[in-house]
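Next come two complexes, and both contain subunit A; in the first it sits with subunit B, in the second with subunit C.
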Partner chain A sequence: MDSYFDILSALILLSSFLLVSHKRIKSYIKTFRIQSALIALTAGIMGIDSLIREGSFDILIVCVIIVLLKVIYIPRLLYRTYGTVEYKVEKDFYLNIPLLILICCGLVVFAYFSVSNIGSLDGAHLNLQVVNSFSVILIGFFFMISRKKAIGQMIGFLVIENGIFVTAFFSTHGMPFVVDIGIFIDMITAILIMGVMVTRINEKFESINLDKLKNLKG
Partner chain B sequence: MDDITPEHLLYGSILLYLAAAFAAILFSRSHKLCTIWSQVLCIAGAAAGTASSVALLFSGQESITISPFEASIPYLSISMTLDHLSALFLLILSILTFCVSIYSIGYLSHYHGKRNIGLFQFLYASFILSMILVFTANHAIFFFMAWEIMAVVSYFLVVFESEKEETRKAGLIYVVMTHLGSAFLLMAIMLMFYYTNSFALTPVSLDQIPESGRNIMFLLFLVGFATKAGVIPLHIWLPYAHPAAPGNVSSLMSGIMIKTAVYGLLRFVFFYLGVSSPWWGVLILLLGVISAVLGVLYAYIEQNMKKLLAYSSIENMGIIFIGLGVGFLALTQEKQTVAALALTAALLHCFNHTLFKGGLFLSVGSVHYATHTKNMEELGGLIKKMPVTAVFFLCCSLSIAAVVPFNGFIGEWLTYQSIFASIASGNAAMNITLILSAAALALTGALAAACFIKLFGISFLGLPRSEQAAQAKEVPFSMNLGTGVLATLCLLAGLFPQTMIALIDRAVVSVVKASAEPILRGSFLDLYRPINFSALLPEVSFSGSMTAKPAGIIAAPLVAAIAMILLVLAALLVLRLFGGAYRERRYGTWDCGFKELNPRMQYTGTAFSKPIKIVFKIFFRTSKDLKRSGDDFYHPKAMEYTIVNESPFEKYFYIPLLAWITNWSRRLKFMIQTGSVHTYLLYIFVAVLVLMLYNRMV
Partner chain C sequence: MSFFTADLISGLISNFIQFLLILLLAPLSGGIIKKVKALSQKRKGAPVLQMYFDLWKLIRKESVVSDTASWIFKATPYIVFAATAAAAFMVPVTTLVPSAISGDLLLLIYLLALGRFFMCLSALDTGSTFGGMGASREAMISALIEPSLLVSIFTVGLISGTTAVDQMMNTMKAVGVPLLHPVYILCFFAMIIIILAETSRIPVDDPATHLELTMVHEAMILEYSGRQLALMEYSAAIKQLIFLTLLVNLFLPTDQLVSLAGISGAGAAIPAVVIAAALALYILKIILASLVIAITEISTVKFRFFSIPNLAALSFILAFLGFLQYFVLGR
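For the complex of A and B:
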């Protein structure tokens, strides 16, 4: 069982590297969809496991919600937001991609360094999964910083959320159902608001490049 | 029914002030009703407070503690302890509140219908209440909370007439300075917890806090409290805030609020930190000397009556600080009796200053009420229009100028005595410092007398210099009553100082564990007997086995007073004998051949202060400007003469500092607050990484 999770956590980490390496907004959304699918798979495996062992449906329901929300609904929402925004070819990142990848590798090492000594997470296998998912959080954050356009920030936010979800999942093997539902509802709200905001920013500044917001400073 | 204990009275006093605050809100629709209800409740609260503190001081109980409710917040206890020191300050507060509240009933009538009286009364009552909490808090955090409430509420009272530009400016300076002081206090209180793990205000033993920690805490406490006291060079808020506030508020602020600093120093430095390095005492003494001399110099050149009084408050805080400094020095040399004497002097002067400065601010409030001006160049001749106010004003002025038999004399006299008593033994450098302090005190006394001659002479004597002054009418009875009680107390405290000294002595004993009362025995003018110095001095041993005590210095004020009276009588006699017969002639003053005398021919306040201004011009940075208009140099059509006095502290310290901070913050704004979302995200990201690293390292 744990070897599946090891592989899946590594794949999730890989998908966030993939995200950082992309240049176009459409591919961001696609990669986010892949990452979410991987998370849904993880949840599914764990859900089946817990159904067999304890007979509880909780995690399976969470898995279904992930599929509906993160694999289908949110990417579609993002596509729609992207569609309303005027298409402009602009360099979307501050540093070049190889450098970004290298920094992300550094972040993984840093996550390994800082998480490896947390007492309650002792034990080699668990440690690795948590390190991977922790790195996903950091990479998601870094992705937000490295992209100029507002949709990049939305995706980064979602990746952070994915990372937090997976970290919680791997370290506790399923959080209380209510907590998961609460997080999902928060996330939907955030994404809806962000979508509206992006459209507004585009109307006001004729671009979703966040650098333009500097003009707002008093 | 049980006996009424000080606890009940203290509870009663606090509840009455609370009731006053809420009555103010309840009756805020009817201004007249609101003023009367709220002030009457304040008067009752003040009476209860006075009774409570006097009862405690005479009962022989060490202290009483009341805890109205338990705080569930960790490290916070909301309980009040009234010990002898607190009781003394509560007494001073209550006496002043009693008079000011009587005064306010009449004074506030000129706000009726124009301003939000309900709000004012609410703030007024909460201000007094916050000061009670400051004086009784027995827990550092609770003390700090009360201190902050006091600062904020007094700020709102200062800016009560907020439509005036200068009031808002004064309020801003006040609130910035007072919070600067609070910041220092907070640091000191945090250090207190760092070293002792407790916020309780019980004396710490010497080994609990290391020497360096003590020194730092002392400096922080000193800066924090000195800002509130308005000690030079931290005084800049005082000459702005006092004139801007309504008359009764400035009376409370100058009368008692700045005394909270004296209480704080006694409580936190003398009582809590204890006595260790002599340089603490020297520092307090020097600050006192500087404030006393410069304060009175700045007061002397002021034409705004309230500003003059504000500078005079700085001077008097200086005198109190001199007393504290001498007391501290004596304690480090283990001369308990001298220390007791010095602290008695400081506290007595505190009490006296509250009476006469409270009275003076109230009188100036009355003048402002009647004439709508605070500028003494527009006044004059008020003694005929407002005779009652003038008499009370004169009483308070005589007190502050330290004229026998008013109370101001006693505090300063004892301060001198304590300085002299410290001089007698000690090392040479210390002796020179003390002698110079005594000399500075003498200079201060003389200048203060001149200053109040000017204040009284220019505004109450002569001819009215403006229309308002000419049409001034006597103020309502309640205003005169409030001022009158204070003026009468000034005289009584001067005639029977023994009573007050007996009360103060208990507070002093609780701080220094020694009493100066036995050497001040006597009553009425007997107090002015020479202090028995030989009791204070160590025995000097001569060669061989013989020991002797040095002889006391004979400098009895009674003797001096009798000598002076005799001298005056003798002078009169000589004049009578050789000056010919006394003839009374009544006719107009010679007017140099002009048609008639007019008010502009009078001596002005500016002219009066000119000689001193020339002598001490280094402190005033006076710049003069003479503008002539008209073509011909020798026959100008009009001339305009302006004099600008600048305070060197503002010019060379505060303004450059402010400019530097503004400049720096503006640059920093461009560096840190770039407006870029990415930079802000980066800050969060770096913070997360650093925290993770910290977690790994620890």
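For the complex of A and C:
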């Protein structure tokens, strides 16, 4: 069982690297969808495990919510927001992609050195899973500050959320159900508000490039 | 005289047979890839064995050499072929038979690099613009892809404690299904990107084009004709098969299945049926790997040349993450 979670955590980390290496907003959304599907798979495996062992449906319900919310609804919402804004081919990032990827690599090394010293984490498998998922959080932060456009930053926010969820999931093997539901409600509110904001920014400034918010509008 | 024991001689013979097998099968994998691509475009396509016919035709033709070319141009096909064949000698097709000479993976990589170096020199030698352009591009691609190749090889080597090819394959055989392990699956993906770049396949270089803007490998061998061209193309095919063999034998080992079903510890005498089954599985794996490459070629477009660093960075990261996972997880 642990080796499956090892692979899934490695693949989730890999998907966040793929996200950093993409140039276009549509590929961000697609990669976010893949990452969420991997997380749903993790939750599904863990849910079936807990159903067999303890007979509780909690994690399976969380898995279904992830599929509905993060694999289907939020990507569709993002595509719709992207459809309403004016399309312009612009460079979306400050540094070039190989440099971005290498910095993310440094973040993973940092995560390894900071997480592996936590005493309460014992066992190589748990250590690996927590290192991988903690790196996803850091990469999410980095993705957020490395992109100029609003939709890229929304995706960064979602990746941070994914990372936090996965970290909690791997280290506790299922949080209390109420906490999970609370997180999901918070996230969907944030995404709805951000979607409206992006549309408004686009109306005011004719671009979703957040650099242009510095310009004064008379 | 005691150096030439019966073990050594039988090992040498099995090495030689495996070497001949690689030489024989080499043009086949390219043929399969071309056939699958043709079928996907609703064309009938050339027969799978077309490359054998081409090589046979080219070998009987005389080669035309430019007046301005120096000895490097004439010597290069032989150097490239010799280096590639020496590399092919080190790759065991099956690990069931103990080999007398266990090649080192680093030597293998740098033998192939020697061939590439002379290929670049000969492309510059005739002074044609295409050759120079192809050589500079090839040098850039190989410099970009080399770190990830070495890191992924070293990760596997670190786990098995050696860089000898057959011992690494034995270690992976003991792992069972390496693709269910976070270290190996990352190295596997890195290796696929490396193969696409090293054997000039589509996201990096288009093997079927002669458009001056895009060709890399083709631009380097553009000046060759006749027997020399045959040697160059044959070396490219052997190189591709070497990489595919490394991929399938390191990351998809099947020899343990055969030996479990067949002898299970019968000692020295291995029945011919078991070896035949291992070889059949090997050929099946090669066909599978060729299909994977063909599907990648169908479903992607060639990258802009300046996007190749992104791909190389991704493959380096895959290999490095694999290394890091090993570091975190331990054995």
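Definition applied: the second predicted complex is superposed on the first by the 215 of 218 C-alpha atoms of A that agree within 3 Å, B and C clash if a C-alpha of one lies under 4 Å from a C-alpha of the other, contacts with A are read in each partner's own complex, and residues count from 1 in each chain.
As a working rule, contacts are C-beta pairs under 8 Å (C-beta built on N, C-alpha and C of every residue); 3 or more make two chains touch, one makes a residue touch a chain.
Here the structure is a predicted model, which is why all the values come from computation and not from measurement.
Superposition model on subunit A: subunit B and subunit C are shown accommodated side by side without a clash.
Contacts of A:192 after superposition: neither subunit B nor subunit C is touched.
Looking at the shared chain after the overlay, A:21 reaches subunit C, while subunit B stays out of its contact range. In the superposition on chain A, contact is made by A:144 with subunit B only, not with subunit C.
Once the two complexes are laid over each other on the shared chain, residue contacts for A:112 go to subunit C alone; subunit B is not touched.
Within the superposed three-chain model, A:48 lies out of touch with both subunit B and subunit C [touch as defined at top].
Applying the stated contact rule after C-alpha superposition, one finds that A:128 touches subunit C and leaves subunit B untouched. When subunit B and subunit C are set side by side, the one touching more residues of subunit A is C. By the touch criterion defined above, A:6 lies against subunit C but remains apart from subunit B after alignment on the C-alpha atoms of chain A. By the touch criterion stated above, A:102 is placed in contact with subunit C alone, subunit B being left untouched. Between subunit B and subunit C, the minimal CA-CA distance in the chain A superposition rounds to 16 Å. Residues of subunit A that lie in the contact sets of both subunit B and subunit C are absent, per the superposition on chain A. Contact residues of subunit B toward subunit A in the complex are 673-678, 681-682, 684-685, 688-689, 692-693, 695-696. Against subunit B, the residues of subunit A that register as touching in their complex are 94, 110-111, 113-115, 117, 138, 141-142, 144-145, 148, 153, 210-211, 213-217.
Subunit A contributes residues 3-4, 6-7, 9-11, 13-14, 17-18, 21, 97-98, 101-102, 104-105, 108-109, 112, 116, 124-125, 127-128, 131-132 to its touches with subunit C in the complex.
Partner subunit A is touched in their complex by these residues of subunit C: 180-182, 185-186, 189, 309-310, 312-314, 317-318, 320-321, 324-325, 327-330.
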